[in-house]
Structures are given as structure tokens and as C-alpha cells.
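Multiple structures are listed underneath, in C-alpha cells.
Common to both upcoming complexes is chain A, partnered first by chain B, then by chain C.
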Partner chain A sequence: MIRKLPQWELTLVVLTLAAGAWSAYLSPYYLSLDQIAYSTRQFVFPGILAIGLAVVVILGEIDISLASTLAFGAVLFSKFSAFGAPIWIATPLVTAACAALGTLNGVLVARFGLPSLAVTLGTMGAFRGLAFILGSETGYTGFDDSYLYVGSEQAFGLVPVSFILFLVIALAVSVLMRRTVFGRRCYAIGLNKEASWAAGIDVARIKVMAYALAGALAGVAALVWIGQYGSARGDNADGAILFVVTAVVLGGLDINGGRGAILGVVLALFLLGTMRNGMGLANVAGPIQTIVLGGLLIVGVLRPILFQGAVRGYRFAFSRQAVASN
Partner chain B sequence: MLTEGGEAPTDGEARTALGQFALRFRVSGVAAFLLLLGVAFTLLRPQFIAPGNLSAIISNAAILAIVAAAQAVVLITRNLDVSVGSIMGFSAYLTADFAARHPHVGPALVLMPLTIGGALGALNGVLVAYGRVSPLIATLGTMSVYRGLTYVYARGQEITASRLPAWMNALPEVRIAGVRLLVVIAIIVVCLLAAFLRFYPLGRRMYAVGSNVSASAFFGLRTQRVVLFAYILGAVLCGLAGFLYAVRVGTVTVVLASGWELTSLAAAVIGGVSVAGGSGNVIGAALGAVVLATIDNGLVLLGIPEFWRMFIQGAAIVLAATADMIIAGQVRNALRARRRIARAAP
Partner chain C sequence: MKLHTTLFAGAGIALALGLGDSAALAKDSGFKIMMTPKWTGFPYFEAAAKGGREAAAELGDQFVYAGADHADVSLQVETLQNFLAQKPDAIELAAIDLNAVAPVLKQALKRGITVTTFDADAAQDARDMFVNQLSYKQAAKTMLDCALLDSPRGGEIAFVAASPTAPNHTAHIKYMKEYIKDDPKYQVFKVVDTQYANDDDAKSYDVAINLMQAHPDLKVIISSSAVSAPAGARAISASGHVGKVFSTGFALPSAIKGYLKDGSEKCFALWDPEELGYLATYATHLKLAGKLDLKPGTTFEAGKAGEYTVGDGGEIVYGKALMFTKDNVDKFNF
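What follows is the complex of A and B.
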């Protein structure tokens, strides 16, 4: 049995470089530091969602309601902005509210024992509905500049603040998953829930915490969203979940839980971001980009099987050769 | 030991009865909920009960009922198909385009969306059954691939009703004994499918695979083939539904039926088809579609903004899943009690 490929992260780096080279070949505008730094903005908000989802996936569950949680967070930010609340009050409150939505998912999944797909499918609609109910059908665009800072400004005139925020979050969650008791327990539960329970881990509590963390990160992603697009409406980030799930799967996380690292997800996001940027510059039509994204998702999940097939084929050829040389 | 053995049967009998009641309650529960909705809406807005309005609800529910039944077939095998909307769109667009170019082809054209749907479903099925890809991931991928292919094929065009042959435009108004043809087709399809799942070996195998894959494999079922077949069957029905939807709306665009994956799942889950597989039936899923259409209609009559529907639909899925879980628990207890009786009897 082949365990997780250590080379997969390396493969992602190589693919990213290849995609970059291909983009530079397609478009003369690609190869400039300004352009590349600026383009990282494109995958920051789905990236933050993907890191939250990664924690849930490592536990062996799924959360497809995160994009809806983001919409709820964005609308809540608009309420605070309209009320005139300073950003340093609004951000923790919105993050807490989104964490509460995540907790609701977690309680339904872990305490009530409902299938996570059914729960988050339901809350995906419910949270988006909630966002519309809270806001209105017309979007809010009158954000105070302090609200837009994170999503729109660039530090040192080059790197987007949102990208730095993304890297900080990725690093923090990576340390959380690798070095803390919580993180190691997440992996343990993802590999074998019953054994973890027997070993004295409060499985339900860890799961609720993971869902709450994913929800909170969706709240942070909402802050990036409003800065980037300057508007908040119930249908924000509608359909973003495809990109998010693709990043998680392509990043080498086992959808059944227990395997994979945050680093892989980050590298997969770089790859997807590079491809999207390159295709955008090369005027590749949106639908074709969607096809590529969907195709990558399928290849990403077929990867272990394809690899095993390749190894088997190689071994077969090798043994034949060995037999022939004897 | 003796006292335990003496007490168990009475307790067990009660539990068995409760379990049977719970199972029956889930199926009739949807109908009861529907009735409750109807009474509530009638009390609030009397025009709800008008024959014209009721027939509008049924017409609206007809196509969704077919898609919900298709989704149910896949759900019963403990899988999932979120590409149903894209399959509908893809087969509907290609068929409408073909019909616009070759107007002389008669109603035999119906075979085209069925074939296209079947082919797309076969790809899903191969990925899930033989590629062992998680059904959510696989169909999420094919959802965007199929929709993207529709965009690429259409090149930003749409097919208006005026380009479609006359018989297609006339189809929605065809009535059999006063009932719209669409509704008749939906009822026939759902009933045939229900009979197939209930009485045919292959139908029973789908339930078996959905309840316990490894047990079915040990029993000798070719589980992969059963799953593949479920995907193909579901997608063929989606092709049919896409065609009917195209005919009904008249203008075929590339976004046709996008978002239906969610609605169909909602209908099936509300109708008592468990996401955990192996339980529920297509009649329930079709009833779930009627429930959703009734909610839509009622909300419009009450003048409630459309986005409340999303919230209610989502909450209904969670509630239905909770109900399923409670019932599954009751059934498990009942089975355990029955086993205890069987052990205590000799």
C-alpha cells in the first residue's frame, strides 16, 4: 500500500512553475513582479476558506456551507459599517458570529450525528438565505475606508495586505495542525474515529471546534471580500465552493480524512491562482477556465489511483525486464 | 439472567412496533406535512385552494419530481449526484440545437437527450464506482465540466422558441384527459421507477448496496456495476427532465437548470430519501418536489420575498435529516429488540 506521496508538494511546485512559464509564453504582460503580486489577490478569499475547510476535511467531514457563511459575514460587516462601528470592533464580532454559524454545523454533525454533507447542504441554503434576510436584495456599497483596507491595499506598495493575511493564517493553522494537541487529535479522528474515542478523545468537541474555526475563517475571508469587491450582498461568493474544494483536494488532502497537510493546500492554491491568472491574461474564456478547474478536481482525486496504476505498470515492466535478463 | 429474559419480550415488542411505526411515519409524514402546508396556506390566502392554482403547483412540481426521483436513485446507493443540473442543461441545449437545425426530425428526438444524459451519467458512474472517487468531488467536477462544455458549444448563443419545431412548442399545452402531458409523464416515470426499485432484482440490489456495500459484495453483488447503473439511470432521467424543461420554458439558454442540483437534493431529502443510503423511495422524493413547489407558491401568494425560500429550503433539509436520524435510531433499536426476542424465544 502506498502512503501519502511526499513528492506531491514538490510536484505542485513544479506544476506551478510550469503554469507560470506557460503563462509568460502566452501573454507578454505576465512576467512582471507587480502583476504577479497583484494577482495573488484572486485566490486569497477562497484560500482562507480552503484552509478552514482543510481542517474539517482532515477530520473526515465536509463543509460546503463556507461560501454562504462568507456572504453572511460580508452582509454583517455592511451592517456594522452602516451603523458606524469602528473596524476593530466589527471584525471580532463578525468573526464570532461566523464562528457561531460554524458551531451550529458542528453541533448538528458531531452531537446529533447527522451526515455532514446533508447538514452543510442545508445550511448552505439557510445561511445564504439568512444573509439576504439580514441585508436586502440591493447590495451595500457604502463601506468606510477602514473596512476596505485589508482587502484593497498593498503593503510596501507591492504585496497585497490580504495576501500577507492569508500567509499568516496558513502558517498559524499549519502550526495548529502539526504542533498542537488539537491538531494531532484532528488527524487521529480522521484516521480512525472509533479508536480515537476509545483512546479518550472527545471526538464531538474537537469536531465542533474545527467547524467553529472554519466558520471564523470564513468571517475573516468576508473582510477580504468586501475590501476586494467593495460590496456586500446575499449572493456574495456564490459558487466559490468549487474552487475551494478543488484546492483542498488538489492539495493532497484525503477526502476521507486523516491525511494531508496545510502546506499542500497552500501550494495547490498557488497553482490554481497561477493558472487562473495566466488564463485570464491570455483571454481564455471563462467557461474553459471552469472546465479546466473541474478537470483538475477530478484529476486531483484520481491521483492516488493513477499513481498506483503507474507504479504497478512500472513494476510490471521492471519484473518482465528482470525475468527477461535472467 | 432469567428476569432479563422475562422482561425483554414486552419491552422488545413495544420497540419493534415503534420502529415499524417510525418507518411508516416517515413516508406518510411527507404527505401529512404537505397537507399541513396546504391547510395553512388556504387559511392565510383562500385563493391557494383554487383549482387553477393547484394545477399550477403540480405543473411546476412535475419536472422537479423527475429530477428528485433521479437523485433518489443515486442517493439510495449511498452516492450523490450534484451534476444533475448540468446534465439537464447539456442534454437540453444539444437537443434543442439539433431540433432547430433539423426540424423534420419528429418526436423520436426524445431519444437524444436520454442518450446524452446516459453517457454523461456513465462518466460519473465510472469515476465513482471504478475510480473510487468521493461522489461529491467527482460530480462537483463533472458539474462544472458539463456546464462549461455547454457554454463552449453554445458560444454565447441561445435557442429561442421560434427556432424550435412546432411540435415542441405545442407540447406543453397537450393535455390528456384534462391533465397536462408533462404531469402525466412525470407520474408515469415516477411510478415505473418506484415499481422497478421495489420489485426488480436490480432495484433491490441498489438498496442492498446503499445499506451496506461490503456486505453486498460478500453476498456476491457486483456493487460497482450496480452503482454505475444507478448513475446512468439517474442521468437518463435528468436528460428527459432537461428536454421537458426546455420545451416548457421555450427558450433554451446555457444556464438552463443551474441550481437544480440543490433543489433536487432538497426534494429527495425532504421526501425521506436518506443521504446515508439504503432507505427512502422515489414516491417520497416526488412528494418532496411537490412540497417545495407548494412552499414556493405559498410564499408568492403571501408576498414573502423570494430569498426566504432559500432559508426555508435549507432549514427543511436539516430538519428532514434530523428526522431520518431519529427514525434510523428507532429502527436500529427495534431490530436489536427483535433479535433479543428471537434469542429469548427458544
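What follows is the complex of A and C.
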């Protein structure tokens, strides 16, 4: 049996198609396979951060330090490259180091019971400070070509390698959340922490693991970053977290935890990416782009209310109709 | 059939007129030039765009100005990527991060697009030319001239830079110190302190207050940050040091007009961003039309902006410093 696509995901697909049509109307340069495939690069690094954040949000927590973790990862990659380490050694080590930063967040939140917004606000500054101390002010640009491959090359001369990596990560995390015990427990904790604990789930351990995963993914996003921009500096991805949170919220994840799917986040990224691409090609003024994206965030936040309202209105009209026909 | 005849006829005429020569075939106008600032909405960059638009209109080019509304390098790269998809003849930008924009700019160069930086340079191998507002020495001299207007008899001065590694700020300070040591005109000054305020308004204010407390005889605070210089003026007014201490350096006229008018400050400096944008666009056009060779020493005429010389590494120094006083500040609208 084919599972029906949930209502919100379906809405996102429709909105993305509409945004594509609108973009084609706005700019004659939009409708080209080359162009569209290449434009996906723009949301890969925030996309990977969003997938990691989604896992944390499903648990009912938040992590706004992820962009700083990315900067730390990018600078760490530059150190390995300068040292001459091959990429297949650097990648796991950087990913592990970023996972360690995530673990620190997780321990502070889960073991010490501190509010996650406060903790990650603090580590957002701390991790970035670490990146600044570790890196140089002018930035590192002498990366070995093997370090740049993922973020800069295209497969079959068309699809960015980074975009394929993003899809693989999205699929893997989706399976993790839907088909494994870990994933089920994440949803259970997000819905009701106390009941999960009473049912024998080690809530703290799951939370630490989720933060570690988000950190590790930020490390992978760092690999994409250095390839795309050919540069590592302490201020990398500064300001990216707003877009990441927008994608997660617009993707239909309940910010209080327990509800929503990775698929929704991916579709939200497609929608945001299409709109940014279209408006960019039409050279729409910066403030208007910000207003449109901010508007989408509000739609994402109000979504449960809007949807309930619509359903209620529909039911009300339907029942009256039924009464009338009787 | 008819089309063929027309084509042959056209080719025949072209040959007859000697248009077969490739130089003569080069386009002379109608280029598509796209400009992106560090961020849009800032009066300084809007003025640069106005100048660019004016040059393009004069030369018969198409001019597009777009970008994100805050300085974010990944958004700037996205803008440049979107520019590339629109197949322009040239791109002009003020780079936020000189290295991070390099990959996309190199891609543009590979496609035969002319790349011009203005205000803030990108990596040298990722652009054709850099239209620099002022040389470091010029900037240093201009700020000291302003300081002399503030305190004609000299005295103690202090510098406020963004950070110890901000390349332009540190170079300005280095040259100011050299002038104070070697040039009799500026030997009346004595440098007592250098502080860092990270281009941050609140930090600049605190730094200025601290400087005045630490050095009771301080006469002038000089900063090449357009954020720190006005914040210094605010600190002087708020702490009751008007007339005793002065703030100067680079600032937008709109930000310091009030202080000049009420007499609490006497002089600030900058350059005309509108003419800077005009020059950048004019030079870009000349390069596109095959009329500008970017070899050091080449001189060229840039319309109403005057004559310029190409320096090393494709650098063109605009070099017209402006000094704002209460008498002329009303003339500027950025």
C-alpha cells in the first residue's frame, strides 16, 4: 500500500511548484536544467545543518550553535589541509571533533537540565570564539583539491556532488528517525518526556546522542562549505542559523517536539531554495526577499492554527450543508 | 532563400566596409553590467549604485544593482551565482570576504565576464581590476589634516581601529605615525594610545569614553572606521568633553552632520561613493569595449570623473578625498 503523503508535505510540494512557475515568470533565466541543478548548491550547507537540527527539535530541544560548529569544522579542515593530511583521514576526525562539540551541548542540556536555548546561545559564541582562535583572521585558502571536491564539483557535469550528499544524508536520517528504536524514542521523548522516562527510556542518553549527531552533521556541512567557498575563517556561516531554523519550522516540525518528519524539512528547503533562486535571478531587492522569507517563517509557525482553522471551517460548512440537505 | 540572400548581402557590405577587422567588430555599447554591494540599503552603497547607473546610462549600457540586505558572504556568493546565470558582460562588487567570493568570480572570469571590485577587493587572481577609493597614505594624510582643523596646535591623539589585523586600518595608523614622525606639519601631534572597537557602535562609544578618562590631555580621537568616528563624537557630547576633545576620521556625512552643525566637531573625511561607483562602471565599460589595457601605467579618461592611471595588479586609485566641515556638509546626500 502506498502511504498517503501527509497534508503539509503535499502543501509544500504544491507551493514549490507554484514558486517554480512564479520564478519562470519573473526571470527568463530560471527555466534551465543547468541553472536549477546548480542553484541547489545554495541550500546544501544550511540544509545539512537543518537535518541535524530537526533531530534535536523532534526531541523538544533546540540547537542554535550549529553554524558556529560549522565554522569550527571549516577551520579544523584548514589545519588538516595545511598539515598535508589526506581528506579521508581529515573528514572522520573533523566530524568526530564537531560531534564532540555537539556532545558538550547535549551533556549540558540533558545531564545538567539546563534550558537548551540558553546553553546553545552560550556555545554559539564559545564555538565561534574557538574557530577564531584556531583560525587566522585573513582566512585559509590553500586547500588541497581533494578537500574541495565535495563542495565544488558536479556529478555528470550537472548535479552538484554536495546536493547528492545532502539527499543521502536526508534519506539516512529519515530512515533513522522512522525505522529505528533510536528514532522512535526521539519522538516519544518529544511527545512526553516524563512518560518516556517512566517507560524506561534513558532520556538523557538519547538527547546527548541527538546533539552529537547534529554536531557531526555540522562537520559534514563544513566540508561542503570549504569546497563551495574555498576558504575557512572564524566568521564562516555567521548568520546562517536563521535560515536553518526557518527550514525546520516551515518543514512542519513542531517546535515543542514529537511531531513532524525529515521529509518535510527537505521539502521546505526545496521551497525556500526555489524562492531564493527565483527572486535572486529577478534581482528582487534584498529587503523584499527578507520580508518574503520572514513571511514564510510566520506561515510555518502559524501552520497548526491555520490548518486547524481551515479544517474546522470545512467541517462546519460541511455539517451545515448536510443539515440543509436533510 | 530570402534569408540567405540577406545574409550574403550583409556579409558583402561588411567586407566592403572593412568590418572584417576583429577590433572594429568589438561592441561599443549595450553591455550588461551587474553590480552588488556588501549589502543594499546602506546610503554609501546606494550612492555608489547611483554613480554606476549614471555612467551606464551615459555609455548606453544596461545596469543592474542587486544584493542581500545584510552583509553575509554566503548570500553575496548566491547573488553572484544568480548574476552568472543571467549572462552579464561584467560584474562589479564590493567583496565581503576576499577569499570566499573567489571561486565564483573565477568561474565568471572563465566565462569571459569582466570582474571589477570597488571599495573592498577580492583575491587578486579572481578579478580584472580593483577600483580603490584612496591609497593608504592619502587616507592617513587626510585624517591628519582633519585633526589639524580640530586642534591646530596639535597635542595628544589616540587611534581607534577595528582590530589589530584589519589590513586597511592598521596601514592607515602606520602611515599616520610616519607622517607625525617625519613631516613637520604634523609633528605637533603626539600619539598616546591605540584601541580596537571592531566596527561596533556600542564598543566604539565605550572605547572613546575610556580613552578620555585615561588621557586627561587628549585632544583628538582618530578612526578610519565609519562606525567608530561618529560614535566617538557621541561619546564626547555625552560626557561633556565638547570643545576639549574632538573625534575625526572617516564617516558618512549623514551620520556626523549634527555634530558639525552644532559645533561640537569640526571635520570628518571620506570620498564620494557616487563618483567611485561612476569610475568603477566607466572603467569596466572601457575594458569591455577593448579600450582599456590593464597594464600598469596605462592612463585613461573616465568621463566627468577625470583621468586615471592603472597601477600594479590592475588597481585603479580613485584618490579624491573629501573633508566635511559645517560649511560644506549640506552638499552631500549619503
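Definition applied: the second predicted complex is superposed on the first by the 305 of 326 C-alpha atoms of A that agree within 3 Å, B and C clash if a C-alpha of one lies under 4 Å from a C-alpha of the other, contacts with A are read in each partner's own complex, and residues count from 1 in each chain.
Convention: contacts are C-beta pairs under 8 Å (C-beta built on N, C-alpha and C of every residue); 3 or more make two chains touch, one makes a residue touch a chain.
In this text, all values refer to a predicted model and were calculated from it rather than measured experimentally.
Engineer: Since both structures carry chain A, what do chain B and chain C do when superposed there: clash or fit?
Structural biologist: clash
Engineer: Which partner chains sit in contact with A:Thr290 here, chain B, chain C, both or neither? Use first/second/both/neither.
Structural biologist: Both: A:Thr290 reaches chain B and chain C.
Engineer: Output check: A:Thr141 vs chain B and chain C. Expected answer is one of first, second, both, neither. What do you get?
Structural biologist: second
Engineer: Is the number of chain A residues in contact higher for chain B or for chain C?
Structural biologist: Here the partner covering more residues of chain A is B.
Engineer: In the superposed arrangement, which partner chain does A:Leu281 touch: chain B (first), chain C (second), both, or neither?
Structural biologist: A:Leu281 sits against chain C, while chain B stays out of touch.
Engineer: Determine, under the contact definition given at the top, whether A:Ala126 touches first (chain B), second (chain C), both, or neither.
Structural biologist: It touches chain B, and chain C stays clear.
Engineer: Looking at the overlay, does A:Ile305 come into contact with chain B only (first), chain C only (second), both, or neither?
Structural biologist: first
Engineer: Once the structures are superposed on A, label A:Gln228 by its partner contacts, choosing first (chain B), second (chain C), both or neither.
Structural biologist: The answer is second: A:Gln228 touches chain C but not chain B.
Engineer: Report, in rising order, the residues of chain A that make contact with chain B in one complex and with chain C in the other.
Structural biologist: Looking at chain A, the two contact sets intersect at 137, 285-287, 290.
Engineer: Any idea which chain B residues touch chain A in the complex?
Structural biologist: Chain B residues touching chain A: 80, 127, 131-134, 136-138, 140-145, 147-152, 262, 265-266, 269, 275-276, 305, 307-318, 321-322, 325.
Engineer: Looking at the complex, which residues from chain A come into contact with chain C?
Structural biologist: 27, 29, 32, 35, 38-39, 41-42, 45, 137-139, 141, 152, 228-231, 233, 235-240, 276-277, 280-281, 283-287, 289-290
Engineer: Over in the complex, which chain A residues touch chain B? Could you list them?
Structural biologist: Going by the criterion above, the answer is residues 62, 64, 108, 112-115, 117-119, 121-130, 132-133, 137, 234, 242, 245-246, 249, 255-256, 285-288, 290-291, 293-295, 297-298, 300-302, 305.
Engineer: Inside the complex, what are the residues of chain C that reach chain A?
Structural biologist: 34, 39-41, 64-70, 72-74, 77-79, 81-82, 85-87, 97-100, 102-103, 123, 163, 165
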